[in-house]
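Chains here go by letter, A, B, C and D, matching the order in which they are written, and residues are numbered from 1 within each.
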Amino acid sequence: MLAEIKGLNEECGVFGVWGHEKAAELTYYGLHSLQHRGQEGAGIAVSDQETVNIHKDTGLVAEVFQNGQLKDLKGTAAIGHVRYATAGGGGYENVQPLHFRSQTGSMALAHNGNLVNATALKHQLENQGSIFQTTSDTEVLAHLIKRSGFSTLKDQLKNALSMVKGAYAFLLLTEDSLMVALDPHGLRPLSIGLLGDAYVIASETCALDIVGAKHERDVQPGELLVINNDGITSERFAYNANRAMCSMEYIYFSRPDSNIDGINVHSARKSMGKQLASEAPIEADVVTGVPDSSISAAIGYAEQSQIPYELGLIKNRYVGRTFIQPSQELREQGVKMKLSAVRKIVEGKRVVMVDDSIVRGTTSRRIVNMLREAGATEVHVRISAPPIKNPCFYGIDTSTTEELMASKHSIEEMREIIGADSLYFISEEGLVNAIGRPFENGGQCMACFTGKYPTEIYPDTAHPHEKVTC
Amino acid sequence: MLAEIKGLNEECGVFGVWGHEKAAELTYYGLHSLQHRGQEGAGIAVSDQETVNIHKDTGLVAEVFQNGQLKDLKGTAAIGHVRYATAGGGGYENVQPLHFRSQTGSMALAHNGNLVNATALKHQLENQGSIFQTTSDTEVLAHLIKRSGFSTLKDQLKNALSMVKGAYAFLLLTEDSLMVALDPHGLRPLSIGLLGDAYVIASETCALDIVGAKHERDVQPGELLVINNDGITSERFAYNANRAMCSMEYIYFSRPDSNIDGINVHSARKSMGKQLASEAPIEADVVTGVPDSSISAAIGYAEQSQIPYELGLIKNRYVGRTFIQPSQELREQGVKMKLSAVRKIVEGKRVVMVDDSIVRGTTSRRIVNMLREAGATEVHVRISAPPIKNPCFYGIDTSTTEELMASKHSIEEMREIIGADSLYFISEEGLVNAIGRPFENGGQCMACFTGKYPTEIYPDTAHPHEKVTC
Amino acid sequence: MLAEIKGLNEECGVFGVWGHEKAAELTYYGLHSLQHRGQEGAGIAVSDQETVNIHKDTGLVAEVFQNGQLKDLKGTAAIGHVRYATAGGGGYENVQPLHFRSQTGSMALAHNGNLVNATALKHQLENQGSIFQTTSDTEVLAHLIKRSGFSTLKDQLKNALSMVKGAYAFLLLTEDSLMVALDPHGLRPLSIGLLGDAYVIASETCALDIVGAKHERDVQPGELLVINNDGITSERFAYNANRAMCSMEYIYFSRPDSNIDGINVHSARKSMGKQLASEAPIEADVVTGVPDSSISAAIGYAEQSQIPYELGLIKNRYVGRTFIQPSQELREQGVKMKLSAVRKIVEGKRVVMVDDSIVRGTTSRRIVNMLREAGATEVHVRISAPPIKNPCFYGIDTSTTEELMASKHSIEEMREIIGADSLYFISEEGLVNAIGRPFENGGQCMACFTGKYPTEIYPDTAHPHEKVTC
Amino acid sequence: MLAEIKGLNEECGVFGVWGHEKAAELTYYGLHSLQHRGQEGAGIAVSDQETVNIHKDTGLVAEVFQNGQLKDLKGTAAIGHVRYATAGGGGYENVQPLHFRSQTGSMALAHNGNLVNATALKHQLENQGSIFQTTSDTEVLAHLIKRSGFSTLKDQLKNALSMVKGAYAFLLLTEDSLMVALDPHGLRPLSIGLLGDAYVIASETCALDIVGAKHERDVQPGELLVINNDGITSERFAYNANRAMCSMEYIYFSRPDSNIDGINVHSARKSMGKQLASEAPIEADVVTGVPDSSISAAIGYAEQSQIPYELGLIKNRYVGRTFIQPSQELREQGVKMKLSAVRKIVEGKRVVMVDDSIVRGTTSRRIVNMLREAGATEVHVRISAPPIKNPCFYGIDTSTTEELMASKHSIEEMREIIGADSLYFISEEGLVNAIGRPFENGGQCMACFTGKYPTEIYPDTAHPHEKVTC
């Protein structure tokens, strides 16, 4: 589905390299392949063992580095970040990596996720005299590191990590080391690869593939990696938490060619589609998916149901912020944005429309309507996620509870509102089985469906909708 | 398949509006949906009944109009153009529409296609004192119009059209009329739509859809439309030519949601895939398509063969000319450009790889190799076009004969060169049947496969490769 | 005075190089030093003996070539142009050099001046079948060259030059030669220099200086230079015309460090100031000049009158088109554009304000008012040009007759309108003597003062104000 | 003289507005008129009483705000900054105003000057847990404010100011107030003006003039102004320090139309020129000044000596960073950068060349040589500053002691090195008298000439050359 339409937005991607002559360039290509995780800002920090340099700005990766800035980022280690800006605060200062300098050296930080106790921590830090130049959780982490009192950076970082709660896939670069940490529940994906002798870290395996790195393994929940000229060391800074990989990474966010905990995302989506076809069969003429993220599930549905898959909906790509949006007047006259129904395919047909999720429901209603206007005689909606009834506090901007359609309406009401002939959501069990993760109950975070959050949530936990995360 | 890799490039798209307050804006959205037909330049000319104004430049539509230029293009009629620049001549001066001024008024011209007797005509015109500021065929047409001696523009245009040969979908805008002409064989697609009272003309129906216009009919071969304040008139300026719609429009160029002569392009491609599966079945584990243009055919192949369709190859999108290409060194280390194989999908599998055509063969070899490196045990290549043995002189840059792999090698040799376990091209008859055009022998141009050109070709006919067309 | 304020605008500068490895780069620096002659567009055409390549665009020289385009302009000969766009037609197509291609080769043309019979010639050419893509006189010349029927380019050019009337300093570049022509009256400046073995041609000598070329001599009225691999040849294509170098080049347009016919422009201006002081002495406390062009005259006035020169007016520089103009509201509140009076200098003082000319009078009134608001007790205006009563048809955009203040008002009326305590214009004789050109009556064009045009003027002679010149 | 050539660089300008609907726009024009004080970065922070918003970036003012960013800066109070980047650290993060957010509100800081105890303060703050994201002194001040423990911002600021030493003209903007402070010696200029009911603060009075504000008075050494909705209050936070206005502001940095402590800069420079002519007369034919900053002094020299002032040197302006520098090869062939001698003026003449200062001497040598190559028979150099023998620690980047020519050589040696026929520097006493400030000994900082610094200097005082100031 279309992030821009739905208001369901990932909150960033991270990438890191240690031990490669072209660290910044590799990071550039890695970030480019993670661009779907954040389009509002990008940055790369690089270490040449003596100093840490950085370039970052608002915009797409290709835009941020379009004037030769990569050439100035010399060094053999780098970390990079792409971010999505929530309403709460765009602008340069929240673009990551954040960069801190002191008389003993610099450090750059890049973070994907959301801390649920950031507000409380910030309050405390300000009372102790800290001043903040960003509205990012990451700056909180930097202050905690600095104030920990321990003598080595590793101990400072471990101390800081023991104070934060929530979701984080975290990279820290100094002149002489690259540190990598994943939260104790492993809420966000993070993988390690090897490119010759160099270590590569990425939010998704597709970024390892694009730079030619061989996937070694995924970073483990509660794991801290320290990479420096002596090699790599791993230790656990937290134990015994339940695994809780974000289900929406499989359903919607990650690129179909990425693998998470050994499971290919496209394959998982196709299985969801098959599962949906088994759970909710229907007589129809064509199956169509909402591009791009629901295509795999739609093909799975078609394969299982033996109803032909067709291109009933097409996405109109556009490029960056230079594109001029149609005026209200033109939109009313029918100028399409982003998505069109293909009349020739759906006219006179009973259509199964597979989508990955329903957030506010407005988009689904619009698409169903579009299909009917293009001549579809029936529209059966199949959703490859269970109903989203609860907000996410771990780095996905799913809107607040009141905005979530499934939190206020029965499925039958939702069907009527979106105007479908039938509406079916995959079952929670069906979802877990379709993905097939080799952990108890899938080891997935299902909080947005079930309300069972894997961590504590606090009264003043800021919702990503209201602040800047990552 | 990937235009950038293959050296198989469309030569432009055109769009026109008459009778709408927002003529330039509609053209902007129309051109945007035709962007796949040309990424190197774009322009819009607009008439406010008193004068013709124009803005054009090299770059994507969104880039060319990014600084508010649309606002200055006021008027109720407009024509627009997107173009692909061949090696022979990029630069601003060949960007269309071309704009000519005289003491009696201005005219703007936009053209998709290629004239086969342009060189001869140009020679003659220069001897008569004409001077040329572009290397475009379109300027030849302008000179012919001007020199015809007839008193009305319509007669001048008809006279000029009687002298040119080849492929053309042609729009001409003056202060008080919009003229539209299609060559006698109908080699390039061109459709008419209605948006309220306004007329809309477009190279593909997807551009009608995006602006909310209702498709009326396709422009007929040899038809000349004149649209002005008195309405629309149609006449034939040429008769009896055989219909010869470019087959590659169905196979590769047009957007899958466009319809040509009533046939949806995605559906035609799916039929080609099914036809391929019938003509050349194979035992295999997965079917995959080369994105984006071969996905529909691959799904058809999978549906017919009952082998599951999977996402074995993925395209890495990038944005415009600001993207930094990886250095040779990084490419050798494995940094991927544009296309990656998905290891998780193809490892240990027998793969059917469906592609739309083979031009020079280098890309096919690279993709087969990529699949093998990702662990495919067998790679069976199925091509939804017959072998391309002859150059195109009608506006597609297919490389010269010597560069065409199929002109020098048997299929078995080709299979060996590209490293496939098996290689099969759809039969000519199979292609015609799969598309299913309601004309004798399909009414298609098959010249690049058969060498039977629908028009004369002259010894000095310039190949698109060597000059600027459209 | 300030071109932007006054509506007195030069119409272009030209620069050419033959025989230097870095021809395009030299032209870039040469054009940069001629930037005061035209800020709206710039271009360079270069020949590598095999082909002529070009890059041009709207904007300042530094803007037009800011993305590495110079590197692509390889060759040992080049011509360049900077232009000022009149209301009649900005836009890329009128940016020079113009570039024409034919089967026998290309030619690029750059032109400074204005043809007085362009309309008639264009009419005739259109009747013969010529079509025009620009509104520039230069395209007329190109058509005349092409249609002349002679076999060598030199003869074609001479034939064409015999048909045009008016002012022109003209450069023509082909693959194998650079041709240079100056109109029979020598209305516009044009100089030749040597840089090692290379020939350099420039509108002003300051452009020779900046590239390190030694000034050889000025091009003579009616002279045609042909430079090629055999060296340079000179001949006269027209004889006996009266010399009529534009007086305003000395008074206002040329850079103070340029020399025209051996006379330094700063020195000429200083002499004008001294002459003014002799012709119209006044008791006063300070002398101030309107920057930038009147500073030299003001210093001359001060030197002669022994009244101290002070900085009573200062120019606020701004850069290019990105500068945001103050809103009407802010201007009314006192936000200054371009020019401010320096209160500390003029408060309580009797001020002599030296300016170079009065066109519409609005600027003079504004400056006098500014000085009074800053506390000047008296303001005596001294103008280093005689009253401008007639339009210029030779490439300077002086407004039409009705707009010229001096054509409708006596000097006493003008004094009252601009609010000065006294107003004096240099006498025509005083101007000629101050410049001191070694020709009869100075050999200057004084038409804008006297109405005596050195060439014929036709009823339909287009005024630069209404069309595109150069 | 030319900052770019000489390595004598001002370190910033500040501007502030309180109580005007168009606060950001006024700041834009004010900063533009202060552009000579810093070309590397610019920013504006604005308060709409509820929140403080900011936009800033590297580049010229016109560049930084070229894409409509001013429109988003709504509010009735604003502060702005232009900065010069030293080698120690360019980049976005050091561009001012700095912006700090806390749970109780935001503050933005803009600073012109240099703190001499910044290193020590930073060290101490880091030990207390502060982390730094910039290398700017201004961030030190922010930490001091935050950590002061006082309850009101005014008291916090006064406490912080009591800890810093050095030069500072300082603006602080919060949601509900604008605070202004000048260091106890008044080392940098800072003025207050009124525009209707609005207060305007600026580094130089030229910025008051350009926005139409009436100059009220200069901010006093050790003065703290607090402006809010209740009006303006003034108090002294430090007493009894000697006035020590930077002499170089009069000699070189400030705009000639600015007044400092009631003395016009152009007039002061002209007096310096007269003083020089009295102290060091010489027989010569022409006086010329090195543009732009030495023109006034040269005119004064000419007036006093009765030797005519002429335009012997001319500056070639160029625009921003897009300008392509000539290659070494072209420079050797004579392509000039920035400055040319005018042969026609100086050939065969004895020339007095007035310049404002000598730093490293390389530029002076180059200019003298240029004049000789253009034919000057004698070159007499007169400098309107005493010899610069000591580095500046107060915000001017004068190079380190070893690089200062006058610290290593006698005047006779310097004369010989630069190749002049005679060389004379204005006397210290002559300088003080020429400027004529109404304070004991002028109340000027003469430290770069005399080595007598008005404040303590510490062993680890960072030289502006080595760090980021302002």
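Methods note: a contact is a pair of C-beta atoms (placed from the backbone, for glycine too) under 8 Å apart; a residue touches a chain by one contact, two chains touch by 3 or more.
This structure is a prediction, so every number in the text was calculated from the model and none was measured.
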item	value
Graph separation of chain A and chain C (steps between touching chains)	2
Both-way neighbours, i.e. chains that touch chain C and touch chain B	none
Same-site or different-site touching of chain C by its copy chain D, using the half cut	same
Chain A and chain D: spacing of chain centres that average the CA atoms, whole Å	48
Computed distance of Cα centres, chain B from chain A, in Å	36
Length of the line joining the C-alpha centres of chain B and chain D, rounded to whole Å	60
Residues on chain B engaged by chain C in the complex (per definition of touch)	54, 57, 91-93, 98-103, 122-123, 126, 128-135, 142-143, 146-147
Interfacial residue positions of chain C with respect to chain D in the complex	22, 25-26, 28-29, 32-33, 60, 62-63, 65-66, 70, 195-196, 206, 209-213, 255-257, 259, 264, 266-267, 270, 296, 299, 302-303, 308-311, 314, 316, 318-320, 322-324, 326-327, 329-330, 333-336, 340, 342-345
